[in-house]
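The letters A, B, C and D name the chains in turn, as written, and every chain counts its residues from 1.
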Amino acid sequence: MYAFLFFLIFLLIYTVFAVYAERKISAFIQDRYGPMETGYYGLLQTVADLLKLIQKEDIVPFKADKKLFKPAPVIIFLAVFAGFAVLPLTSDFAGSSAQIGIFYLLAIVSLDVVGILMAGWGSNSKYALWGAMRSVAQIISYEIPLGLMVVCVVMISQTLNLQEITYQQSIWWNQINPEAENYLFGIKALGIETTNVGGILTWNILRSPLMLIGFVIFFISSLAESNRAPFDIPEAESELVGGFHTEYSGFRWALIMLSEYGMMLLVSFLAVILFLGGWNSFLPNIGSVKLAEWTSGEPGTLAGHLWGAFWMISKALFLVAVQMWVRWTYPRLRLDQLMNLSWKYLTPASILLVLLSAVWRLLMI
Amino acid sequence: MELEAILFYFFAGITAFSVLFIAVTRNILYAAFALILTFIGVAGLFVFMGAEFIAITQILVYVGGILVLLVFGIMLTHRLKGQKLKTDRYQMLFGFLISAGIFGLFIQSIHSGAFSNLPWVDQEYSQEVELKSFGLSLMTDYVLAFEVIGILLLVALIGAVRIAGNARKEGTDAA
Amino acid sequence: MEAADDMKGYWRNIRTAVDTLKTGLKVTAKHMKDARTQRTAIVPEADNYFEKQNAIFTVQYPKEKLPVPDHGRYKLHNEIDDCIVCDKCAKVCPVDCIDIIPLRAVEEIGKTSDGTPRRIYAEKFNIDMAKCCFCGLCTTVCPTECLTMTDEYDFSAYDFEEHNVPFANMTPLEILQKKKELEEFNKQKEAAKALKREEVVPEEKAASGAKPKVGAAKPAFKPRVPGAKPKVVGKPQIPAKKEGEEPSGEESQSKPKPVFKPRVPGAKPKVVVKPEMSPGKAAEEESGQEPKSKPKPVVRPKVQPKKQESEESNETSDKAPRPVIKPKVPGAKPKVVVKPKVPTKKVAEEPKEQEAKSKPRPVMKPKVQQKKDEANQSESKTELPKKAARPVIKPKIKPKNTDSDKEE
Amino acid sequence: MLLLGALMFCVGLFVVFTRKNAIMVLIGIELMLNSANLNLVTFSRFDPQALQGQIFSLFVITIAAAEAAVALAIVVKVYKYFKTSDLDKINSMKG
């Protein structure tokens, strides 16, 4: 329940500043300043925008299918926000530690598609319809490499529980599982035990180096999942005006944007949990210099919460920043290039990775 | 417990309502979206019966896959707005009689059937289904069925793509 | 074979993709890093012009400004003390943005800084910076170099009028005084010269007399004055504006008063013009038209070209009443400048007095009368129909004229 | 629970019987499959560790997915050919 409230508030605040950050990053990349006038260094620009959006008239096109048009943004937002339910924020603070956490997340996020379809169809606009169809085709296509990467991690971790996946990447693993052992690159034969070293060495990207590639694939697919450039053909401004949210205005539009940024954060959190050690510090213990322990409190203590939240959020925000960086670097992919990338490159690669990580898992035992 | 009961009836209500809505509505698209609601309701009920995995699979496959396919099908067969989405109904009387008759039959048999006396029924509800045991039994006892299903799915996938040809590539999305 | 090639291409694709993606990220990262500093403005001639490509380029305008070259050609400035009011700038101006009313002095009033004697006061020296195209012709042509282009480029204003910069520094009192002086001076003078000048003076007086009546009338009148003298350029504007003023002039002058007055108060001077035109046309055309548009200004430009193009056709067709007049006038008589003014002013008076003067006039009269008749009818109705009627007429005029012209 | 399953099944049946549109019929079939699932899972609740019901319903879901894919492919193809998805009008087998 607290996690629910926390994520709701955090999501709102995060979105406000993510929009600001996005504008700043894009500006810096293009040798501009970005917003400068509202507030110090333009800090309040998004707040002002938000106020404006909320005051705006809620325009519903006359010919729109109102039964579909109106609830669509809510459904999109709900689908994204429901995903936050299973995220562990710190070692002892998580929404639901459901056994099937990651699986649930994948499923609930796919509800997003329904909202987009409703919005696209209900708007009674060709741009919205095309945008929705492209968006759905894209999301479904990229769900496959995304899901397969999740499968890889699950095979390495042997659990679907997100909290447990994170614990496995921490120095506290043996607190919940006394027999726990971590080895460098996950291979026992190497003989370098890292259970108590922690840090970056126990992150999934190093527990199984294959995950490095996996992480890249996951990141690319997650960009597509959240309709971010360079995979933003669903809302390609130059051809589709605004894609599925062309007809929306005011608060409903704000909700759609909120879910887009929420989705960015969600996939970043997911990537952090699955590959980058979740709430764990990246500093390893080196001999008697217990960097890992110093920079991550014991689970359940206040320090544990603070450090955990700090690492988790800063890692996720870093990934969000990378998403923005990527967005303002690459040109938009064409539809056929998009599908090519998914079906000819990412999917085969991820299937191969699934196979390889199964083998890796055998080596880990 | 109270909350759980309320939630249970809530999901059951959603399911029943949306199912009836499908029967009544004449708009295919609304029917499709009501079907989503049905599936979500059923998924919720699955959770209450300790079948979390099935519930999630239900959402993932039905909502994320089949329904999107359905809506795409509707969009493609209705020429992207060219045609009305209404469907005619016919043989209302027969249809209603038959289904109502079968419904009555079901109700009667459910009431008269003493399920709790079946030999394999364990009276203690074991709520938590271990995900591990689920996976294990899937990969041991039912491995043949599992493989067959996999192949079936693959064949269906290829078949769908082959049938639809260039017209639609979404056939592959069902996977 | 193909498959092998394809596979090669496949791997190559992946490699190029990775390489290019990395390069792209590097480029943008570099820009992001350099965004901490700001680029300084470098002139293109500088050697290192292409060297610094990154860093923030934005100039936060009102707070920071880029230096302007000394010879910047932006806002015009007139040093009125050096100006000899030769009117050259106004003549050379391609967009007519300089508006000068000279006022002759009785004697030399001083010297400019380069020693040229000044003999004329500038009663008015306005430069409309909104019209100015910054070509700089006026500064080239200026004999005393009093008209220059400054480096001030930000002269945006909230009111359009503020772009019309006055440079004359005489007070109305002074002007009046100088005028009187000039008048006395003129009276003292004798012979034909005096006569000519007297023509100018009364006209100006009339203009000044008209000013208090209608606010909008002023700008309209002034152009006439210069127009009366040498300016051919001003003509296109003149007829239209005159039309607007006439009604007011007519009111005080001639019969149509009862008819016109009610209109005038209801509508602005400009609007009045249309009723005149419209009833005539409406009477002729009498078709059911919807009140479409108000773009009054649009009418004028159209009308004139039509007249010129279709003089012959117009004569036969009654549809283009006024247009007919003007072209005829120039064609018939050599005086281009004077006539347009005359007919318009006279219109009200002419119907009775000068019916048989020229072709155009007869054409006008019937219209005016019809208008009056109709106007009487329409006046008895409510205001709304009147208003509706006016706009209706105008749109008709244009399309019909053009259509009929083309068709004919 | 079983009642709900029965209701769903019957409505599915009703829809299949009374609609002309191929996609509507498909929706009805999906409903019927799902009601079967519901029953399977319900009974599997009484079946502690064997989980036959759940696993079977998993298979049902999978097959439903395959079925939907193929059926929709057929519907779309048929639509392209006949320009209608009304089942009554698709009555020639001349292909």
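Please note the rule applied: a residue touches a chain if its C-beta (ideal position, glycine included) is under 8 Å from a C-beta of that chain, and two chains touch if they have at least 3 such contacts.
Here is each chain with its UniProt name: A = NADH-quinone oxidoreductase subunit H; B = NADH-quinone oxidoreductase subunit J.
Worth saying up front: this structure is predicted, and the values here are computed from it rather than measured.
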| item | value |
| --- | --- |
| Target subunit D, source subunit C, minimum contact steps | 3 |
| B-D or A-C - the one linked by more C-beta pairs in contact | B-D |
| Inter-centroid spacing, subunit C versus subunit A (mean Cα positions, whole Å) | 61 |
| Intercentroid distance (Cα basis), subunit D paired with subunit A, Å | 34 |
| Whole-Å separation of chain centres (CA-atom averages), subunit B against subunit D | 8 |
| Subunit B-subunit C separation of Cα centroids, rounded to whole Å | 74 |
| Residues within subunit A bordering two or more other chains | none |
| Contacts with 2+ other chains: residues of subunit B | 53, 57, 65, 72, 173, 175 |
| Subunit C: positions in contact with at least two other chains | none |
| Touch-based graph of the chains, sorted into line, ring, star, complete or other | line |
| Touching chain combinations (by label order) | A-B, A-C, B-D |
| Touching residues on subunit B, where the partner in the complex is subunit D | 12, 15-16, 19-20, 22-23, 28, 31-32, 35, 38-39, 42, 45-46, 49-51, 53-54, 57-58, 61-62, 65-66, 69-70, 72-74, 76-77, 87-92, 94-96, 98-100, 102-103, 106-107, 110, 115-116, 118, 120-126, 129-130, 133-134, 137-138, 142, 145, 149, 152-153, 155-157, 159-161, 163-165, 167-168, 171, 173-175 |
| Residues of subunit D defined as touching subunit B within the complex | 1-4, 6-11, 13-15, 17-24, 26-27, 30-31, 34, 37-38, 41-51, 54-55, 57-59, 61-70, 72-77, 79-80, 85-86 |
| Of subunit C, residues touching subunit A in the complex | 10, 13-14, 21, 24-25, 27-29, 31-32, 34-35, 39, 54-58, 60 |
| Residues of subunit A defined as touching subunit C within the complex | 25, 27-33, 36, 325-326, 328-330, 344-345 |
| Residues of subunit B that touch subunit A when the two form their complex | 29-30, 33, 36, 52-53, 56-57, 59-60, 63-65, 67-68, 71-72, 75, 80-81, 131, 169-170, 172-173, 175 |
